[in-house]
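Note that the chains take the letters A, B, C and D in the order they are written out, and that residue 1 is the start of every chain.
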């Protein structure tokens, strides 16, 4: 076991094969360190599974299982049922990408929630099938270029809109569903910790930028995820039993162009008449989401400026750092 | 006009030439480049087809089922885990006798998960009722895809064109793509009687009871068996029009006077041909036989070609756990039925993308002593470095 | 060894080494395209694990004057093209290289632990990334390395390589093609000058 | 099953793979010298002591500050804080109140009685003489004494402090504060010989024999000559004398109108003292006011804007670009000054020599004219000593070494002299480090990560004109650590955890203090450098 860092567990440790600057590796590291090693992790097929279990090596330092692409939620249901039968309390956590959650895995996820399994399902959304080389998924935003929604003479990238999965999940009236992203670690931490206190099915949808697929500089993965929220394109919300109970207010609304410019997947929209139409469309989508969730008017404790502010000696790391774990376990 | 094309590109161009009207796409390495290429053609107006991004392979197979049932020529491609996820729908398509054509970019099956090439996926679907054609090169893949539509639409049976992942899908090789006019000449427009059409409303896929269910299967089986003649005929016809044939069901290589014959399928046969040439140059009576059409199983054709052989080796990249080499077992049954007692040496190798190099193939042909516990079959050694071919022991590179 | 002079079946194996996202796969494809244009039989294919930016990967090219039927990896290359010199430290790039084989290395000189003389190989070192950056604005070594390989071996003609680059990069626009052709030529000349200096 | 085919794979076994091999750039943690320290004439490591203060480690903060400046309570009051003009925080909301914090620490030290520590137990044999107990001399003595050198300071005046005590009025610098900090220096065993003028009580030569090195820091107390037209000092005097007599406690009775001639801080101090003594005061200033746009280079009045504003608030009148034509007499007494419009402030050689316009004369009523037009060093008795040069063991520093500047510059020059003296005595080389170039600007930082907070100021004593009590009260306790916390810690890690949270490869290891990059695994993505609020991390290409 790797115990180089005395202040966190490194449940997802070093040596994995994620691309340099991977938002999903970052998000998964944050979530699994917040939950800790005393949990059972069930992964769907996808980038996270591939780059952490390359050829008989594992970057996981907790019980971890992968079956196939579509069934993570069902496998987790089985794990949770077994634990319940054996009277054990170990938390069960599913990790899947957007394809494994929105598309191929939605059916099993819906079943898991409907049956009320005590499982936290975490979706790391990099908005396309990245492991197979950037193909379109239902989570890919409107007008984005992927290899299966290519711009061409007759098209400006993806024709359809990004599937509003958080609303679909919330319609199951589950105890807790929230969206988060890597730029705002304190917000993500609060939501993971809140989710871990709740019994029953819970859902976390975490935007995880992908330098390979989004074609932005590897150093900008955090900056880009911040801009996604500050432009209103990716609202940070909390829904409990189907009702909106929390929203991250925008300190200021930034134009979507600021978010699109650094990303090659939107490059085809700049410099053509048809592209300009889609730019206006994306701005309209952002404005609509801001109005729908009241992102500029909500009187909440945090806003996009105060939430990620730093202080000397940090704002707290992880629930129980390793040295409190007894070593002979 | 001959061009150097990646296998996936060659197949995508062949699909385009067959004028499909609905393409269902779901990404899975190593077939993704095929649907990516088709997506670009549709986006650029070079292919008038509905390009549907399915939410899973289960969805993709269901989409092409619906499309063909509604009277449109359709196409999809998948591999490994995706093919297995389609299983229920593939049996359904065959049972409904729908002329669906699909490419399977052969890839190992998890667990453990592995993206590289072997035949475990399509072999697992051998009983689904699909015609299965295994190709050796990108040229054959493109040509067989065109033949497949004609075979499917005449036999009213689904056809699966199996090409090795990476070894073919990602390899650039010379391919002669026929013109649209030539393909239109060979492959008539899509016609299929049993479609969903308000002008003659019919119920498809309805219920059946004990008194008539078996008859469905009997008909399906006879059509599959007769398909052998269709497959041979359409390959010969392709030869006349395009100048290239692939032996129909099986393709022999230097069998005349051969006492040892190696039977195999897919792209590994290229290296086998090179090894046969080298051993023949050394005066050894060795030949090869490529199994092109695995379903329907061409028992007669195999028996004719193998009757004279004293030693038969079957090299396969898949096997049935607890039973051994699938083709080997079926070949043994066919030979026994025909009263031929030649033993069949079943060798399994190349699993999970392992490279069957000429040196390994030569060691297999020379008949390295099978280990004791390998009664049913033996496994090929790992990579053998070129300089110690004679010693035959594997050096783990 | 020049192709034309040989009569019986000559098969050349070339192995490319690079990292995900550096274009090793397209470099192999371009070389095969050029050889094909020159009238030879050619084959190119990659061998990569996960498609990760930065992860080491290989690609293989075979050039022959008879049909290429086998689809095996290259174990005894006649030449090795190394796009990222740092790989030499961590991966066995020269395994199986035929004696007298050619090494085209994207670096001024071999990294420590390797030397140009004494190991029976022919080293051809050039700062391909720097040259590439001058033409393409980004340190892309591929076309420069291909030019160098072509002029050092004569296995493919410069015009065939130019044709391959043009058709391969058509979709990327005129100026991208021109820049790559310029980089290709500089790689080609680099070796030519080196020859004069050496001889 | 062969070794590499495992149904259950060991946890963390990926660490066997060195993904660090992928990178082409690598992050480096590197402290950078901030702009505040660059502009500080005493080259204080401001970021360092503010960091300790924000952790409420007050004494440690005071010790770090006094490394370079033993007068925090004094400087915190009188220094015109160029450090704050350099502060990067002004690009976020407003500069950190650095001088307020400096004063807070100084006052705390005096109140708590903190003592300076010797840097070494061993005492050196070479003895050093310091001429002048002003900020430069005391600073030099301080640095030498801490390093074990026996120092003797000689000063002609009867009280130590030089211009700090004679030239700065109590409402800006209470005597008790200055004395407190001087005592702390003397407590290191520095000998102080007051009322001792070199050339009179002691000869310059005896200085050279008895001491291994001499530091001349006599300051610039000699007022420039001014036209007194035979009036006694009751009608015309220099600014230096006016302030020295007030600061010595003499009760001067002033006429109804007082005119102060000059544009520097001495003129403003004189004017504000005269106001406190009940006079109507007009400052006749040859230069332009601050911020006047039409002035050529360098013709702005040298006094600090803050002081001019405070003077105006206290009712002082200003007459700009005005020069004295002549003194107007009524009987034995001065009744006013005839002033005229100044055309050129400097003459052809660049010297201060205002040229007046004919026909623009007007009368400024004044019973007393205070000429505060600059001071020079008084080298009486030290003429040949001042030419000897460092080669022969004589150093010169503070205002005496050139144009009079801030007190903090004198402190800085005292430090450099001490280091140069020690180096020479030890026969080592020495390079001065004043104005080390700043290595971090706000553009290299991520200001949005810092919470906006208002700048805390000390209260203002409203009854300011009733006497000489301090006008600006210092920061109160709660405000101090808050204000210290506003420091952005430019270029220096303050352990905010950003790099640690955001590293996708767990290659940033958190230590007891600070972080360490595990280069076995770092892929060089650059996220840590991009998201470091204070620009402490640089990306460097990996050597080929």
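Simple rule for what comes next: a residue touches a chain if its C-beta (ideal position, glycine included) is under 8 Å from a C-beta of that chain, and two chains touch if they have at least 3 such contacts.
Since we're looking at a predicted model, the values are computed, not measured.
Legend note: the chain whose CA centroid lies nearest the centroid of all displayed protein CA atoms is A. Of the two chain pairs shown, A-D and B-C, the one joined by more C-beta contacts is A-D.
One inter-chain figure worth recording: chain B and chain D are separated by 85 Å, centre to centre, where each centre is the mean of the chain's CA atoms.
With centres taken as mean Cα positions, chain D sits 52 Å from chain A. Centre-to-centre, using mean CA coordinates, chain B is 34 Å away from chain C.
Rounded to whole angstrom units, the spacing between the C-alpha centres of chain C and chain D is 64.
Multi-chain contact residues, meaning those touching two or more other chains, occur in chain D at positions 18, 22-23, 523. Across the assembly, chain C contributes 54-55 as residues in contact with two or more other chains.
Within chain A, residues 17-18, 20, 50, 54, 131-133, 211, 218 each touch two or more of the remaining chains. Considering their complex, residues 3-4, 6, 137, 164, 166-168, 170-174, 267-271, 273-274, 355-358, 383, 385-386 of chain B touch chain C.
On chain A, the positions that touch chain D within their shared complex are 1-2, 4-8, 10, 12-18, 20-23, 25-26, 29-30, 52-54, 56-62, 182, 185, 211, 217-223, 305-306, 308-315, 317.
Residues 4-6, 9-19, 22-23, 51, 54-55, 448-451, 485, 489, 494-498, 500-507, 509-510, 518, 520-521, 523-527, 529-531, 533, 539 of chain D are the ones touching chain A in the complex.
The touching residues of chain A, when paired with chain C in their complex, are 17-20, 50-51, 54-55, 131-133, 211-212, 218.
Contact residues of chain D toward chain C in the complex are 18, 21-23, 523, 542, 544.
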